[in-house]
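Got a structure for you, written out below as structure tokens; questions coming shortly.
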Amino acid sequence: MNHAANTETVNATENSFESAKDPVKESSQEITMVEAVNLAMAYEMRMDENVVILGEDVGTNGGVFRATDGLKAEFGLRRVMDTPLAETLIAGITVGMASQGLRPIAEIQFMGFIFATMEHIICHAARLRNRTRGRLSCPMVLRAPFGGGIHAPEHHSESTEAIFAHTAGLRVVVPSSPVRAYGLLLAAIRDPDPVIFLEPKRIYRISKQTIEDNGEALPLDVCFTLREGQDITLISWGAMILETLQAANQLTESGHSVEVIDVATISPLDIDTILSSVKKTGRCVIIHEAAKNCGVGAEISAQISERALLSLQAPIKRVTGYDTIMPYFRNEKYYMPSTKDIVKAAMETLHYE
Amino acid sequence: MNHAANTETVNATENSFESAKDPVKESSQEITMVEAVNLAMAYEMRMDENVVILGEDVGTNGGVFRATDGLKAEFGLRRVMDTPLAETLIAGITVGMASQGLRPIAEIQFMGFIFATMEHIICHAARLRNRTRGRLSCPMVLRAPFGGGIHAPEHHSESTEAIFAHTAGLRVVVPSSPVRAYGLLLAAIRDPDPVIFLEPKRIYRISKQTIEDNGEALPLDVCFTLREGQDITLISWGAMILETLQAANQLTESGHSVEVIDVATISPLDIDTILSSVKKTGRCVIIHEAAKNCGVGAEISAQISERALLSLQAPIKRVTGYDTIMPYFRNEKYYMPSTKDIVKAAMETLHYE
Amino acid sequence: MSNEGRNPELRAQFDINYYQFLDNQGTLKNSLPTYLEDDKLQVALYRQMVLTRLLDAKCIALQRTGKMGTYPSTLGQEAVGVGIGYAMTKQDVFAPYYRDMATQLIRGVKIKDILLCWGGDERGNQSEQTPFDLPCCVPIATQVTHAAGIASAIKIRHEKHAVVSTLGDGATSRGDFAESINLAGAWQLPLVVVINNNQWAISVPREVQTAAQTLAQKGIAGEVRCEQVDGCDVLAVYDAVKRALAHAYEGKGPTLIEAITYRLCDHTTADDATRYSPSDGLKKGWEKEPIKRYRSFLHSKKLWDEHKETALFEQCEQQINTAVQEYLDTEPQPPEAMFDYLYEELPRSLKEQRQQLIDKTREAQP
Amino acid sequence: MSNEGRNPELRAQFDINYYQFLDNQGTLKNSLPTYLEDDKLQVALYRQMVLTRLLDAKCIALQRTGKMGTYPSTLGQEAVGVGIGYAMTKQDVFAPYYRDMATQLIRGVKIKDILLCWGGDERGNQSEQTPFDLPCCVPIATQVTHAAGIASAIKIRHEKHAVVSTLGDGATSRGDFAESINLAGAWQLPLVVVINNNQWAISVPREVQTAAQTLAQKGIAGEVRCEQVDGCDVLAVYDAVKRALAHAYEGKGPTLIEAITYRLCDHTTADDATRYSPSDGLKKGWEKEPIKRYRSFLHSKKLWDEHKETALFEQCEQQINTAVQEYLDTEPQPPEAMFDYLYEELPRSLKEQRQQLIDKTREAQP
């Protein structure tokens, strides 16, 4: 048998673990969300030699969305690893690495291929600390681009954040802008517990923001209030923040004062921020792309009505994907909630008496 | 190479596919829930030669809970198949079998081991009909014992029905008594679409009911109103129906008129039955063993407050498992919702003004 | 510390063999079995490979001009798909992956349907011509497990046909594949699994994917008959699959075939292989490609000439253009079609959502 | 239709070897390498096997009397666990499955902790003595993937130790195992995987699990060095793991070892093997069991006698009884402990639930 085998992947010593470069001080730059993801990983890899990256096509190819572009060249084969094509494996070795104090960032190429990771994520990543009463822990990040609207083939458009949100021991984090992608991903990497970091790929390149590459993380476990208002609260996350803000603009134009909350950390949920907003406005629409039934919107809605029933001046509405399978792309637009849908739901809520 | 290999599993011809016996007419009998599960499968295997069973230890051993006891002896190796130890495989071959018109019933030994099936269930079982515009379909049942409270080792106590409920294209069905286990399982086997059939193992043998083995199915997609009442609606499913009914008794004793709904089909949800009950009572407690965050209780709560906000005389309460990992068995009792918890929540709801 | 002086007992031994008839130049290296000395068959295989290649080029063009979605080219791998397609009978069942348009065409799937599928329309999978075949499968390697299930169904029903499933080299790393191979051996399933080893899984080269010298040897894990074949030699592929199917029909169990090819294209139209693939690999790949060598072979046998070639090209172009027009003329499904095949009968709770969608789209149209 | 006349090229060849020193009677079949001619080691291995067996019996007794939960016995398989435990260094990392109490004891896990674990208390996994080892793993075969990850971490950090992981025969059917073996080969990981082939996966016999003649050959799929060893011969197991570890330390990559044993017990205390297991298998199993033959060997070498045996038994009983008492005296964790290791810091949203639980249990206590 040939035991020499392929050793390309982790054997090389050039650009190896020890030779991490000094942080390059880059000043502020206008970048897209996917570039922000890249920047955050590069920053933290320079700062912490325990940070490593693994996944399918993350090496020379730089990831199918280029999120890891240039990282193999800078950090070498030992820290940026193309794995064999096996998602269960990726999740499982990530857990193993994290158990020994590395801070691995695994990429699942599309969220539609994340299901094979679930046993390792639910049974192990989420439980290692608890199972060992704190002796071991699992400081890993599982990144995956998610969501529809990019005319992709089947299985490339899933939004199943609710499945992970239902699992205790995990964090589920979704950025909605380049700035939040940078800050939240840094926080996720540094977080001592496992984080499922879902990147809304529809807005990967839709706009740019100025980012100071200074390694400043944003807080996890809190919602971001993107806009303050008095009449109604719109709650969303990820790519749908785009349509939600558009809807807020239209509503403002027609004279309503709109508060917009980006949930950001889907689980554990910062219900306090949501509650104080809804207690103020008394009206609320929750917007997400995922299917409605047992989606995260249901939890938010349930908590609001449990805890602020008397403040509600109208029933909470959810504007979501249908409880169907995302259609092949020719009809996918019919599945996605639109700005119009949000405006309509908000108007009904505003006019409810 | 040795290609003779093991052929025990599906090669034998004695008791083979063709030699299915005539239905044995058995009259009514007092049986447990796990016996009812067995009876339903045996009935349908006699009636429909397309029904086959597969899983780990389902053959000679009759399943670790004896749900398939005697079936290999009666129907032979070709129809009662011990698979290799691989849940992904079990789910995937079940999909393949179903695509060709068999009606396979796969057993996952414990729900804690169901995660490896999820890619096949979510990406294929739930989508085969949709993907082929009805050319192929997936009439399969995935059975799994679920829930805690039996002093089992780690991973033997999961309740993650919400994950499946979030997936369009599936049915998620949970019986709560021998009679409903018999009738609902028959319906699940006959259903032309995939059914996740979750069996609350804590009540597998807790009580007996008289069952007429007449092949009469109960309807899917509807809730069962177990008790009618005017003051409050208790909504639950599976093993927690036990505590829910106990709570209902106590509440009745203290003079309240209690309606109890067994959801039974968790998805798609029969919201109509729930709504008309809550519109009548104006008060409602939802009880489930699974973690609260993004559990099925959230969806029920959200839908009630969306559709019957003005009927609510008190906030909906959820009595659920905590958002933690089910503790190892020494402390599992602290995790499980108790009759007392339900009574307390109901009393608070009843006295809310 | 070695095993020196331990004197072990030999418990098992395994060989991996490689099969080829035609070399890169189209010269016969090994004489053909008589059943392959069939002029009609030999020409048919050629015609089908050419049709595949021309359709492939058209698909890429459609994608580039915004008339189709992401598409995975079969360039350089036509011999695998065509060899499999011709070796199978109508009764056999095919469980493809996404790079299997060549075989699907032979199975009877219409060109229009293939275009619909990559054009983002589920109706492309509705093909009545292939009532039992699976549609093309995107989640890597899962189709092999379905194929094992279908083969089990055949065995349970005492039927005599077999199942063929395909996958890529990268896909052999997935547990689904290993679990299915193990089951196929354990249950002696009538299953033929063909690996299209095109040397790449998107950007990951075959050598990074696994240390195994051959992918065929992955069959040993499940005691499954396994062999390598030149995947650019359509006769060798056809013969290997025929032999494997005969084996399966006789109840002797499964076969794993590694067909060695080279991906002469980007992974899909969404990929740019120049980012990761050194061009000398591509050059060597072109030297082995299946159509040129096979044309030489047919020329040498006087079964083909320039004239026939021109006629064939014209005929294919016409067939393809007609189908493309049909495809472009196909109206999209109504929006509510997303509800109509979710369940045999739409559950009550979803009727409201369906109606909302209809109302909403009707509103939008003035 | 056969491959007759096809004249294939041989591309690869593989052997599976079987290693054994002691036969069923404890007679040396092959001479020992010098490093194994170590009286102290030889006796230590025996003592540890006996301790394991006595503790195992005690665990079953505790379960039967309602003082512990479901427990998976190691009866008949002590040589595997003890051989592995002694072959490993402190720096190596162990990723066990659930039937690995024997190795865990040698690694430093306290008897009390093992009892706590099977007694339904997470603190059994807290063992400071094994800071990097994984706790026992219930979801079949997943530990092998974690082990591959740990081995990757070692390699990434240029460290020199290795990882040992174990699994059962049934577990070799799971994709996790195959995927990990493939990675181990591809990345040349310092990983030793030991299959405890005890012939049963609950009620499913080894032959129904796979058609593979040997389980060792599953390593070929990933080009991983692989061999069989008599798992009832503690010296052979020890030697095989030692050789594999040396191979790993030298950077030469992974090894898969199939240790052949027989499960002389029910699957767990929740199982009844008489339902499915013919008793002649058990009888043959007892003929091979590891302790008796090894005692004969030590007797023949004058390293052991009745006297020592009695003393050892007494010593073990005492050690075990002390630990059992400690276990029984351990107060349960407070209810709210279920919140205390979920995250490094409890998220705000969970503090309320934690407090509710505290209030509720306080209420319940008058």
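All chains are identified by letter, namely A, B, C and D, in their written order; residue positions are counted from 1 within each chain.
Rule of thumb we're sticking to: contacts are C-beta pairs under 8 Å (C-beta built on N, C-alpha and C of every residue); 3 or more make two chains touch, one makes a residue touch a chain.
This structure is a prediction, so every number in the text was calculated from the model and none was measured.
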item: Furthest chain, CA centroid comparison against subunit B; value: C
item: Chain pair with more C-beta contacts, B-C versus A-C; value: B-C
item: Euclidean distance of C-alpha centroids - subunit A vs subunit C, Å; value: 35
item: Chain centre separation (subunit A, subunit D; CA means) in Å; value: 39
item: Touching two or more other chains - residues of subunit A; value: 1-3, 5-6, 9, 84, 86, 88-89, 112-113, 116, 119, 123, 130-131, 154-155, 168-169, 268-269, 322-325
item: Subunit C, residues touching no fewer than two other chains; value: 14, 122, 139, 173-176, 179, 182, 185-186, 188, 208-211, 213, 220, 223, 338, 342, 349-350
item: Subunit D residues within the subunit A interface of the complex; value: 14, 93, 95, 122-123, 125-128, 131-132, 134-135, 139, 142, 145-158, 175-176, 179-180, 182-183, 185-188, 220, 223, 225, 252-253, 338, 341-344, 347-350
item: In the complex with subunit A, residue positions of subunit B that touch it; value: 88, 112-113, 115-116, 118-119, 122-123, 126-127, 130-131, 154-155, 160, 162-163, 165-169, 267-269, 290-291, 293-299, 301-303, 305-307, 309, 312, 314-318, 322-325
item: Residues of subunit B that touch subunit C when the two form their complex; value: 1-3, 5-7, 9-11, 16-18, 52, 78-79, 81, 83-84, 86, 88-89, 91-102, 104, 119-120, 123-124, 129-137, 168-169, 192-193, 221, 268-272
item: In the complex, subunit A residues that touch subunit C; value: 1-3, 5-6, 8-9, 56-57, 59-62, 64, 82, 84-89, 112-113, 116, 151-156, 292, 322-325, 327-332, 334-335, 341
item: Of subunit C, residues touching subunit D in the complex; value: 1-3, 5-20, 30-31, 33, 173-179, 182, 185-186, 188, 208-214, 216-218, 220-224, 227-228, 239, 242-243, 246-247
